[in-house]
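Got some structures for you, see below.
In the two assemblies presented below, chain A is common to both, partnered first by chain B and then by chain C.
Moving on, here comes the complex of A and B:
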């Protein structure tokens, strides 16, 4: 029905966005095409009935992080002359593609050798806020808390670094 | 899908799209006449068709026609035309999409099936609102950046920084609120508010979370870029901010997007803090059980309200200039229209009481009543927006950021701790 179609459309959008991120020269174009990838990924999560992850992807990645990146690009106000010289662009691209081909073939081989068994359908309530919350705060409590401490450390580090530079200028 | 299902889906989506769009006209009118009222002047009231002015509402149509027929200028210095055109569309669409999850009446139970009265019956509820509002920032940033103009860029920077900073206290105020409600689904949130605290006070969010309410309202004002936080378009400093290069319908899209965002955040404040569609002390079950007395009460209240309204029109509408006879005729027509509307509703209600009472008709009557109550509350909060705009002066930019980060953020965190302790203590 419509689900395989949606899957193909969203996957195509995600890949096109990622290619655009690499190929566009202007940072604003690259950032916008990355936003397309992030939104398409949110759609894929939605198709997998991961409702909460769908929302978080939109709120955190597509909403907060990307708008901060756009904000920084706007703040820097990059002109065409500010962009680095990319005369060897096609050589790098060809070299990179050649280097990655064996890896891609290996991946393809690995995927093809997976046994095709149908997985059971997700139980009702799967991926909703309550279910994810219960799993997060029972089975995965320790990793969850460790990650939160890691984020706190990063936050404090950012504040310290920002404060130090300001002190140096005075 | 059965016929009823298709019909109800069309009604829901239609409500989700056309009500915010029509609300723009009402709110622009409310803003201008409200400004006039607060500044002790009349406001726009001369625009007319054959002498009928509809209290100044026609001015909006004149403005819309003006904006539609203006030349659509794209300045020659703009390098990224795609983003320049995309930006107003993004601002407008995201504002409209936010409204889709707000319930305007309680779930309609017809036979065995239940229909949620939201344009998009998502269980994500408030998370959808937070997800979509983030995309509105894209529009502002792209507009400010693509305009390639120092005022546009400054306005875009200000607006984006403000919206991003105030999303944090808003989200934290929501956390404590959702801890109280125990759900993110807005229909369930509103159903929760239909209960009574100590059997007397309605369990509205504003009663349970007064501090959260204050933080949320301040953040909502900042999110919609309204006074006292409208630095993004501070006329005296940066002309008009991020939409300074826009003309014609592109400007109109920004303008309408701003008013729709205001309407949506009013609707959200009502849903989260003022019981949404709930009528105090009369929850859906009570209303459905006593549909007939409610209809009778409505039949009695309506003529009384119409009488007061007609008296008010008769007192205020006739004026000295420029043609007193025309004004008197106009007033008569208005009063006749009000009474014929009342007569129509009375006939419908009478028909309901005589023939249709019981079963599905009761529930549909309740949906109508709740929708009306929801719109009434929402427009009142919209009026508060107007009221604040014409009362308070503008903040300075550093004051704005200080308020967000140094006052609201710690207050919101404090509120989360207190709420968490109380919720755990009460089980």
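Moving on, here comes the complex of A and C:
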């Protein structure tokens, strides 16, 4: 029964990484800490027998997207002087925690009062490329198609917002 | 084919605009093209009104409910396009892209009202939101960069609301094992005493509270309204709110099994929205900020209509949001026509408007009277019926608080009317921009709808009741 142990270990790692993302002052440290979260999440997906999602999480998120973020941070070459002043940091943190505590308690209460004790085992073939593909192109065809338009919006939007202004001063 | 025609026309229109954006189109030709395309969208949505069926393996449901909302979305968009000045507010080099994002945003909203599957709802909502985030930031740079701040704030709050929604969806998916609303309704029937199911549904609703600007998810409103170009604000104030109301009706109808606790929670949010919106609006100088806060209080009334968890309550919510969209569009029509250069207006800018343009002054006055809830306009009828409905269900205290709010609201709405009618022009020597026939036509049409919906609400309520009947 190593599964619960693994689950708690990976969850803890994911939370530690997320907290690190918020707490580290330098973006580079924060990004590396974020990578920890992404890899821990990949482990959680693996525990759920979602093999394809596990692989995608590692290759796309922990691999491609993280290296993109790291490249951008390196390009910007951020010095300690460039970092914003965060003097009220702890007050904001405490205020946010106080505001979110009731919500967290509500969620915990909701989860604890669930009567489900056991979950059925995943059917054979669950989480493989074929199974995910079948679901993606039948039940979830509509969201899949809308995402293609969403990507167009993101692409053109990035060009419009970041593109050079003609006659502008920036 | 006709089932999906309005969406296909919108998609085609946005691709045409994308192609046009690669060249250097003239503003006037671009505007005529957009007017033609939007009219086409409106006509096809009317044509598809009576369609019935499902698409995409049951994830996309076409019925009178969704089709009615598509007509409403298309007509509100057409109104915004007709009265928006040809340029001025938007960066000149990206005008074609601006209209492309407008079309894609409308496409997202139309897909949203037809989606009956959680992932499709999420992606369609994101599609419409991202297009609007970018539209906000495309205001001409004369505005000192507040448009970037506005776009950023809109994005960050939107992402937070989306995170809540996804979290809630994960709960619902975990509990019922399906993302299809029809399966979820069947599954929730067995789970009515599970707090987790309720929490999940409420977290999904948060995203639509954010779109409709209900307290405490309203923080983006004042800055986005002020920072976005006038025509963008007009769009944000009317069109996404119609779609958000549609989805709120759909989702609230799903949780009606155990109304008591949810009703109390929604009641607090509704009354909170009314007080927050009205009290904040009292202190505003900028007209768009004022209308933003007034929108928060009207969102409270829409939510209040939903609390009865009955068919006539949902029909009233639909009636109220349509009325609100028409009234707000009438006010924004005046704002847009007065500012061909796209600057922001203060209340004093309306001084002596009745001398400069009687029609615009009349439109503004009737729009504001209706928003304030003065008979015989739609705002009065809507508020009256919402309060009457609440009273019948025994929410006496909430009804009294809402009535106090309508009294507060009269003060700030009428202060604008006072500026337009009771002040002489000496303080404002601005030349009156020429009005096109399209603007006069739109304003007369909006006025007719405001008065007709207010004087004879019965046929409109019957239509909305039949639409609601299709999803219950």
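Methods note: the second predicted complex is superposed on the first by the 157 of 170 C-alpha atoms of A that agree within 3 Å, B and C clash if a C-alpha of one lies under 4 Å from a C-alpha of the other, contacts with A are read in each partner's own complex, and residues count from 1 in each chain.
Note that in this section a contact is a pair of C-beta atoms (placed from the backbone, for glycine too) under 8 Å apart; a residue touches a chain by one contact, two chains touch by 3 or more.
In this text, all values refer to a predicted model and were calculated from it rather than measured experimentally.
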item: Clash or fit (per the criteria above) of chain B with chain C on chain A; value: fit
item: Contacts of A:128 with chain B and chain C, given as first, second, both or neither; value: first
item: Included angle at chain A between vectors to chain C and chain B, based on C-alpha centres and rounded to the nearest 10 degrees; value: 140
item: Chain B versus chain C as contact partner of A:35, first or second or both or neither; value: first
item: Touched partner set for A:58, first chain B, second chain C, both or neither; value: first
item: Contacts of A:73 with chain B and chain C, given as first, second, both or neither; value: first
item: First, second, both or neither for A:154, with chain B first and chain C second; value: second
item: Partner chain in contact with A:109 - chain B first, chain C second, else both or neither; value: second
item: Chain B versus chain C as contact partner of A:162, first or second or both or neither; value: neither
item: Touching partner for A:142 - first (chain B), second (chain C), both, neither; value: second
item: Partner touching more residues of chain A, whether chain B or chain C; value: C
item: Least Cα gap, in Å, left between chain B and chain C after the two complexes are fitted on chain A; value: 18
item: Overlapping contact positions on chain A, where the chain C interface meets the chain B interface; value: none
item: Contacting residues of chain C [partner chain A, same complex]; value: 11, 18, 21, 55-57, 59-60, 91, 93-94, 97, 100-101, 104, 107-108, 111, 115, 117, 119-120, 122-124, 126-127, 130-131, 133-134, 137-138, 141, 171, 175, 179-180, 194-196, 198-200
item: Complex contacts: residues of chain A adjacent to chain C; value: 106-107, 109-111, 113-115, 138-143, 145-147, 149-150, 152-154, 156-157, 160-161, 165-166, 168
item: Footprint of chain A on chain B - complex, ascending; value: 80, 83, 123-124, 127-128, 130-135, 137-138, 141-142, 144-145, 153, 156-157, 160-161, 164, 167, 184
item: Residues of chain A touching chain B in the complex; value: 28, 32, 35, 51-52, 54-55, 58-59, 62-64, 66-68, 70-71, 73-75, 77, 128-129
